Each structure stands twice: as C-alpha cells, then as structure tokens.
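Listed next: structures, encoded as structure tokens.
Next, two complexes with chain A in common: one pairs it with chain B, the other with chain C.
Right after this comes the complex of A and B.
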C-alpha cells in the first residue's frame, strides 16, 4: 500500500522565528513531515503550539525562517505573483475565525466570483456564473438567492464557515488546509461543517490537512495524525497508532483533556 | 457605506460641527454672488471706520422729505452732542461759580443748558483752573450755542462766479426725515473698514474662502503623502519600510512649523501664492498620518481577510486598495479633517509672521490678522478689524474638531458615552 501513496506536500526542517533577540518566539521549530495525496492529516496541539504558523507557511503566506517546502516532489517556487497564483490553485485554506476571514466591504457575491475567476471562469456568461454560485451554495445548504447582495457580516458564524466551504467547492484545490474550521462556531454547526468537508473530499478527492486542538475530533476524521508541542512534532503516525497507543506524555495529556462525551474513545486508551 | 454615513449623522457632535461648517461654506459661496465688490477694493478714505450704515449726506439733502413729529427727537439730538463727560464738566464749573450742587441735575438737559447760559462767563476766573481747562470750556460753550434752537438749516450753494452763497430756498427743518431707501447712496458696512479703508465683511468672506481652500489643499496634500507612504511602508515592509521610516523620522525630529517657516522664507515673497503656501503646509505636515496609517496597515496585513484575498489570486495593488484602504478609510477621513483645520491655523501662523501668501492678490484670514496687528487695531480698540477674523478661525477649527470627535465616537465604539 505504501508504494501507491504519493507525497503531495513535504517539509524539511521548516522553522519560523518571530521577533529578534529577547522578544524571539520560535513558533515552528525544525519540523519534518510528508503528507500523502488523498489523506486526511490532522495536526493536533494546544493553543500557541504553532499550528496556524505552520499552516501559513504551507500556504505561502509566511516566509519560513529556515527549511524548505516540497510540493508534488519539487521544491516549492512561489517567487512571483504568477507562480503564487498557480500554487494557490492547488492549495487553499479555511481559516480559524470566519468572522475575520471576510472583507466586510465586499459582498458575498464577490467572494464567490473571485473563485470562479481564479479557475479561469472570468469570461463565463453571467447566467453561467450565477448557476455555478447557486450550485456551490446549494452544496453547503445555503440559498444563493438569499445571500446575493448581502454582506458577510450579515451571516451567522456557521453560515460564514459554510460559505468558506462553498468557496472550496468552486476552487476544487488538490489540498485543503482547514485551520480549526469549527472552533469559533457552536457544536451543532460543527458536525454539519465536518460532514460537508468530508462530503466535499469524497466528491473532488482532495487532501485535507486538518488543524485542531481536539484530539478526539482528529481521531474521528483523520488517517494520520501529527502531534505538535511548542513548535515541534513530538509524535506522528496513523490515527490508531498515535491515539490508541500514545508514546508521549503530551499526547496522553491531550487525550485526557478530551471532554467526557468522547468517553468511548477515551476508554480504549486506558 | 450607507450604513456608516447614517451612523455618522446620528452623532450629535458631528451634526453640530457639520452644520457650522456647512453654514460657513454656504456664506462663503453665496455672499460673493450677492455682493460683487472686489474684496480688496479700498473704499474708505481713512482707517478703521466703525461698523454701521453709511448714508450719503449730500444725497440725503435732495431726497424727498417727510415730516415726522417724534416726541424725544430734540432731546436725543442734544443728548448725542452733549456727552456725559461734558455734563460733569459743566456741573463742576457751575458749582465753582456758586450754584448750589443740589440745584444742578445733569440728567435734565434743558435745565442744565439754561443754567449754563445764565451763569457761564468766559471772563470769570475760577481759582485753580488751568489754561487748557479754560479753553476747553470756551470750546464747549461754542458748541452748545444754538443747541436749543428749533430753527431749520438753510441750504446755500456757492455761486461759481462771485463766490457768494446763494440760498436755494431749501430749508431742512428739525422734523424732516428722509427714507433711507430713497437715498441714492447708502452703504452698509456691518464690520466697518480696515486700516486700508476696505470693507471688512467682504474681505473676511473672501479671506475665509481662500483660507478654506488653503486648508483643503494642504490637508489633501498632507493626507495623500501620508496615506501613500503609510500604506507602502506598512504593507510592503522590509527595505521600503526602512527607507520611508527614515524620511518620516527626519520630518518628525524637525518641528514642522520651523520647517514651514524655513521653506516659506526660502521661497521668497514673490513666488508665495496661496496655492504654493498650501502645498508647502501640506508637505510639512504628513508625518503623523503616515505613522498612524503604517501602524494600522501593519496590524491589518496579517488579518485573515487579506490572506483570503491573496489566496483568491489578487494582486498587491488590488489588495492595498480593496482590502487595506477601506479599513483605514475612516481613520484617514478623520486625519484629513484635522489636517484641514491645522492647515488653516498654519496659514494664519505663517501670515502673522509675515511669511504668508503675498499680499497683493488675495486676502486670507492670516493676512487679515497680520494687517490688524501691524496697524495696531487691538491697541486702538478697533475690534471689528480682528475679532471677526478670530471668531471665524475659531469657528472653522471648532466645527472641524467637533466633527472629528463625532466621527471618533462612531468609529471607536469604546469612546461612546
């Protein structure tokens, strides 16, 4: 089985240091990893462990202080705007906080139109574009007719995050980085969002890098799991390996922190 | 956008400021349409005519006459010629001449004059009276002659050939009135004239207009420079940021008013038009806008909506204009308002120092202050030459600062009370 898995994203000694001198924070500290195509990879760590920083480096939004990212076997090259745009056709993200992810001055339509344009649909007729947007909204149980000409801040957190998924539906990237997509919304919407992500993955067959502080959730959705502590990967492996047989005290602690509702999973680890 | 504007107009402070400023603007625009006099035309021969309505005395002689029998006309006429000081002096003389003090009532004009007529004698020497004082009484006595007369004045014209006065037959009786509307030449000077004999109100309106223009140009120049540098330095960062911050720090270290004085001085009086002065003011006052915009942009550039915009393939220029600029726009508008009002003040400051726009073309509020100072209007008590200017400057800056506070409360909800 190992032979047929292709590495889509690889990092070597990836490091990010913020600030200088005394103020120095090593947010990500020489991490190595290989993410395989079609997998759901979870990166689990407590708050401040450097998950978002790593995600931004993978997305090319932050320059690594040290180390390299390899994309589809080759060293990633995003030196120019054109190359960046090409890269971003392949890798997209859903951010942690839906409330700050939208430009409050732009209407919802423009968020979706940007995606169509990105996929080369700039010249499509207006009807075609509306059709595509309606389909994307329909996929995440939103009604485009109700959203058109509205501003993102007129939506609820859950609706905003679903709109993010609609964006991904239009963009159909090879890799999706979902940075705690459910952390800012209520438990009820959480399940819906996760279901939609899974369904989307089934439909367009993308790799999902799922960032969370909730190890229970990671176990529930992922194929392989990376445990992050203070900017380092302290443990990694398949979900079963890591969560059912944790080697590190830190992992153990993360597992014990999971609320009681996941008790059935907890029990198996005791 | 509409929502924000609605919110802004719910702020009481903003509305008050806005109304004051709009009123000033309205006056500045409408007044020249109604009164087309050149603002710098010298109309008065002499300096500092007090505010009032000026009726042409010559024309009023020829105007139709109306007889009005008004009760206190005579008393008012006499009262206007006999000041309180004169009355006291008369009392002093009469007491010295032996009239018991309790028989003299200086508020009773008629009685006082009669007593004066009966007792005054220029020949009488009163002990301790200086020569100057005696001459004063002689002059006073002469001016009082005929004060109680009820005769009219006869109008006579000089015969061009003989030089003799010839009566025209026109007699102006004391009860004759003219209708001001029927006098051919009447000039209202609500704020009098200045030291050059120019109508202060007309000049003030023109000066306000020019000063507002200077303020706007200076504010826009300063805001544009500050905004551009702030956006570039904040968003691009790195070497660009270092370079821009170096320049900004240079400008911060040198007090902008000193810089302003130096530049204005080196440009020279000849080339210093209103626009030049405005641009110079703008050029020296962008620093704080640049700093503040930079700080805001730095905190904005790592926001997720900017990241999302990048992921959607937008270019640097698009991101700066669409994802950064709107977020700092409210701040920039506030900074612009402050820059305009400080531009107006800076012009006034420069002009008071004699470094303002050259004086032959246009008046500005600062120049009017400068003229009033040079000709010592405050010392001479000619309040109309400088007080209205001060009030105008205060009103404009006050209204703008008020608008600014109002905006601040709308944009920073934490400040709302």
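Right after this comes the complex of A and C.
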C-alpha cells in the first residue's frame, strides 16, 4: 500500500515569524511534512506551539515567511484572489468556535446555497438545490425542514458544528482542516462529530488534518500523528507508534496530562 | 461520622421566560456533601448542571426563581433568605463559585490585588490595604502562584494563570463549599492539569472544606471527585461513588455518557464510540413520563406514561428508571 499512496499536501521548510528584532517570535520553525491522500493526520501540541499558525498557512490565510507548500505535487499558487478561490475548492476548514464561524445576518439556507453555487450548481433548479441541501443535512443527522429559514444563532453548538460538516459534505474538498473541532462542545456530541468526520472520509475519500491538544482524540481518529513543540515537529509516526511508545519527553508529558480511567493519573508531574 | 457541609433537599428552581412560561431547570434535586469530600456533577450541555450550581448558592436573580426545597450549609438553612443577606453573609464566606468562563470575570482595567481588596472589603470593613496584601501574598504562596501576579493586569496573564488566580480569589475567605463550574473546559490539557492539581491542593490544605465539581468530561470527574451524580433534564438520573458510576453505571443515559469517553490508552482504537442519538427534551413542555424515554434504547410503552421516581439503593446509590437493576443489566448483556 505504501507505494501507491499519493502525497496530497507537502510542506518544505515552512516558517512563520511574527514581529521584528527583539520582539521576534518564530511561531512555525522550518517544518517539513507530507500528508497522503485519504489519510487522517493529527497535529498535536499545547497552546502556543504553533498549530493554528501552521493551519492558517496551509489554508492560505497567512503568508509563510519562508518555505513552500506543494499541493498535489505542484507548487501552490494563490497569488490572485481567483486562484485563491480555486484553491479553497480543494481545501476547507472547520474551526474551533462554531458560534463565530457563521455570519449572523445570513440564514442557514444561504450558507448551504453558497456551497452549492461554489461547486458550480448555480444553474440548478430550486427543487434540485433543496434536494441537495436535504441530503447534506441528512448526512449529519439534521432535518433540513427544521433548519430552513432559521438563523445560525438559533442552533446549539453541536448543531452548528454539524452544519459545518454538512457544508463540507456539499463542497467535497480534497482536504479538510479541522482545527479543534470538538473542544467547545460537550463529550456526547463529540463522539457524533468524530464519527461523521470518519464517515465523510469514507464517502468522499478526503484527507483530514486534525489539529488538537487532546492526544486521546488524536489517537482515536488518526492514522498518523505529528507532535508539535515550539513550532517544530518533535515526533511523528503512526498513531500506535507515537502514542503507545512515545520516544520524546514532550510526547510523554502530553500523554500524562490527559486524565485516565484505567491507569493511574499522575498529578505530581505538573 | 463526618460533618455534612452542604445538604440540599428536594430543591426545585425555575426560569420564567418573557412569555410567562415556566422552565423547571432543577427538578427536585437532593444531595449531600460531607466535610473533606467532593461531588462531581456530569451531564451534557443543557441538562441543568450550571443552573443547579447557581441555585445552590441561594442567590437568585431573574429569570431564575426559587420554587421549593431547602439548602442547608453547615447546619444553616439559607433557602428563602433575602438576596442582599445572601450576598453579604453567604457568598464567598460559606459558599464560593467559580463560573464557567472565570477568565472573563476579571475587569481588564484593574490589577489583581484590586479584586482581592474588593472581596475582603465586602465582608470585612476596617482592614488596611497592607494587611490585605499580606494575606493575599500568603495565600498565593501556599497555592504556588508567584507574588508578582498581584501587581499585574489580567491581560498580562495567560489563560491558565487567570483561571488559577480566579480560583485563588474565590477561596480567600475559606468557604465551606466551593462550586467549580467547568473550571478547565477552555484550557489545554497541560494547564487543565495544573488547575486540577490546585483544586486538589485546596482540599488537602483545608482551604475549602468540600467541593462540587461540574463538567461533562467523565475521566476528569473520575480523577477528581469522590462521588458522581449524573443529571439529565434537570433531574438526577444516577448517583454513586466515582468508581461505581464510571465502571458500573445502571441508568441507560449514564451508560451512554460512558460510551463517549476518549482516553489515550491501549485498546481505544478498537472501541467504537457510541453517541446517544437525539437531543435533550425541551423543558418548556417536558414529556409526561421518563425524560429520557425519547432517546432510550430500552424504552418500553409504560416509560412514556408515568413519571419515574429515583430508586434508592444501599450505599447511597440511586438511579431513575422504571426497570429494576437486574432487568437493566440483563438488557445491557443482550446488547
């Protein structure tokens, strides 16, 4: 299997520096990575380790100070707005805070219609569009009839996050970047969201880049795990390798910090 | 026998909406916390955990209203007291509360020492600033926080630091009961651990006498508290020691919660997470029978017909279901 895996997103010497002179902060420090097609990759690290900065660079929301991103073997070109829009058809994101992901003035219908239009469905008949929206909502266990004509703030956090996934279902991007998608919602809805992401991968075979500080989550969902500390990847490998047999002290600490059930949780090492 | 620090008998509180609808967010809840013990409250969002926390303080402001029941803190009944009296003599001294977004509770234009002066002056007049500073310094030293924090503004502190400072301020007057409402939900795992360690230290160093810890993260509760209570739609659905509730829960809802636990331990990847389908009922017009019936896998026709009482078992365990313990266990074994 290893030979036929195609690299989907590759970064070489990717760096982001904020500030100048003495105020200089190196948020992401010369990282190299290759994410394969159809893989779930997790990037794990504590707050301030540069996870989100990396995500923003991958999305093209921030310009890297140094280094390049290669998308499907070719150098990424997002110089113009048109090219950027084209790129965003291939890479989409779900963010941490569902409450601030939506424009509060737009109804849920328009959120979903935008996605259909972006995928070239502008000319579809209204019935066809409604059909598509119903299917997408059905995929995430929401009922379109209940959502239509509502505003995002009328939904709960879990529902909003699920609607985000419905958007992704309509857009069918090559890569999904999920930046802590479950940290603001409670444990019960978390299982649902994770399950949906996995299903989505099965359905449209996309690559999911999962960014989290909870190593338990990373272990549950991902094929490979990258551990990030101070802007650098300190350890990477398959999920089993990294989490069950961590080599780096930092990884071990992260694992120790998660409350356990079957093993003793050591509180002395803070 | 240990002294009972907080006893609540059949407490019911409600929200009154603009349209004069009654929403019973806390529905006949009884609980007891002994000295040196901690109680965990679990449940998904919207099941009344935070409302219970607010109700326990006996300090009600609209739209939350007190309906019935008793709250007894260390032998003193505070239910029915005037809000002003509660604020002056109960809050902070007898019972302290750490709200969910404690980090946002700090006024950005004031230094940390100012909040401490505020708290102490509200309860004890005739204390000089110097004395207050000395007290604050000692407390911060015990809790392992740097003294320099006192002279800083909230923006200069990190999220974890702010949270710990808020906790320190709330235990200034050594309250008998500390209510912590999701104190770590916005923090990353490493800072979360620091906060948890601090809460444990508070108990060990006798700065607080008992604690109520609210969260939806069961692994956390299991590691912090002695007893766990599971809430659903404003009611208690299961009660027991942490061990019992986590490994051997009786109520189908509590079992469902257990199914959503993620811990980085061997064998996790083989386990399929089970989510509970559906959403909690709308409490504006709650269902007649069991509140959980709509989402329950083992539902029977009679569940929806009559209301279900909490069944008390020996050893302080309780659960709310019309099926007996044996019937439920049998159902779980058969899948």
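As a working rule, the second predicted complex is superposed on the first by the 259 of 270 C-alpha atoms of A that agree within 3 Å, B and C clash if a C-alpha of one lies under 4 Å from a C-alpha of the other, contacts with A are read in each partner's own complex, and residues count from 1 in each chain.
Simple rule for what comes next: a contact is a pair of C-beta atoms (placed from the backbone, for glycine too) under 8 Å apart; a residue touches a chain by one contact, two chains touch by 3 or more.
A quick note: this is a predicted structure, and the numbers were derived from the prediction, not measured.
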item: First, second, both or neither for A:190, with chain B first and chain C second; value: second
item: Which superposed partner A:46 touches (first chain B, second chain C, both, neither); value: second
item: Touched partner set for A:156, first chain B, second chain C, both or neither; value: second
item: First, second, both or neither for A:249, with chain B first and chain C second; value: neither
item: Touching partner for A:118 - first (chain B), second (chain C), both, neither; value: first
item: Superposition-derived comparison: chain B or chain C, residues of chain A touched; value: C
item: Those residues of chain A which chain B touches in one complex and chain C touches in the other; value: none
item: Sites on chain A touched by chain C in the complex; value: 46-47, 141, 156-158, 185-192, 194-195, 213-220, 239-240, 243-244, 253-255, 257-263, 265, 267, 270
item: Chain B-facing residues of chain A, complex; value: 56, 59, 61, 81, 84-85, 88-89, 92-93, 95-97, 100-106, 111, 114-115, 117-118
item: Chain A contact footprint on chain C (complex, rising order); value: 44-46, 159, 187-194, 196-197, 200, 216-220, 222-223, 246, 256-257, 259-266, 268-269, 273-277, 279
item: Residues of chain B that touch chain A when the two form their complex; value: 1, 303-305, 307-316, 322-323, 326-327
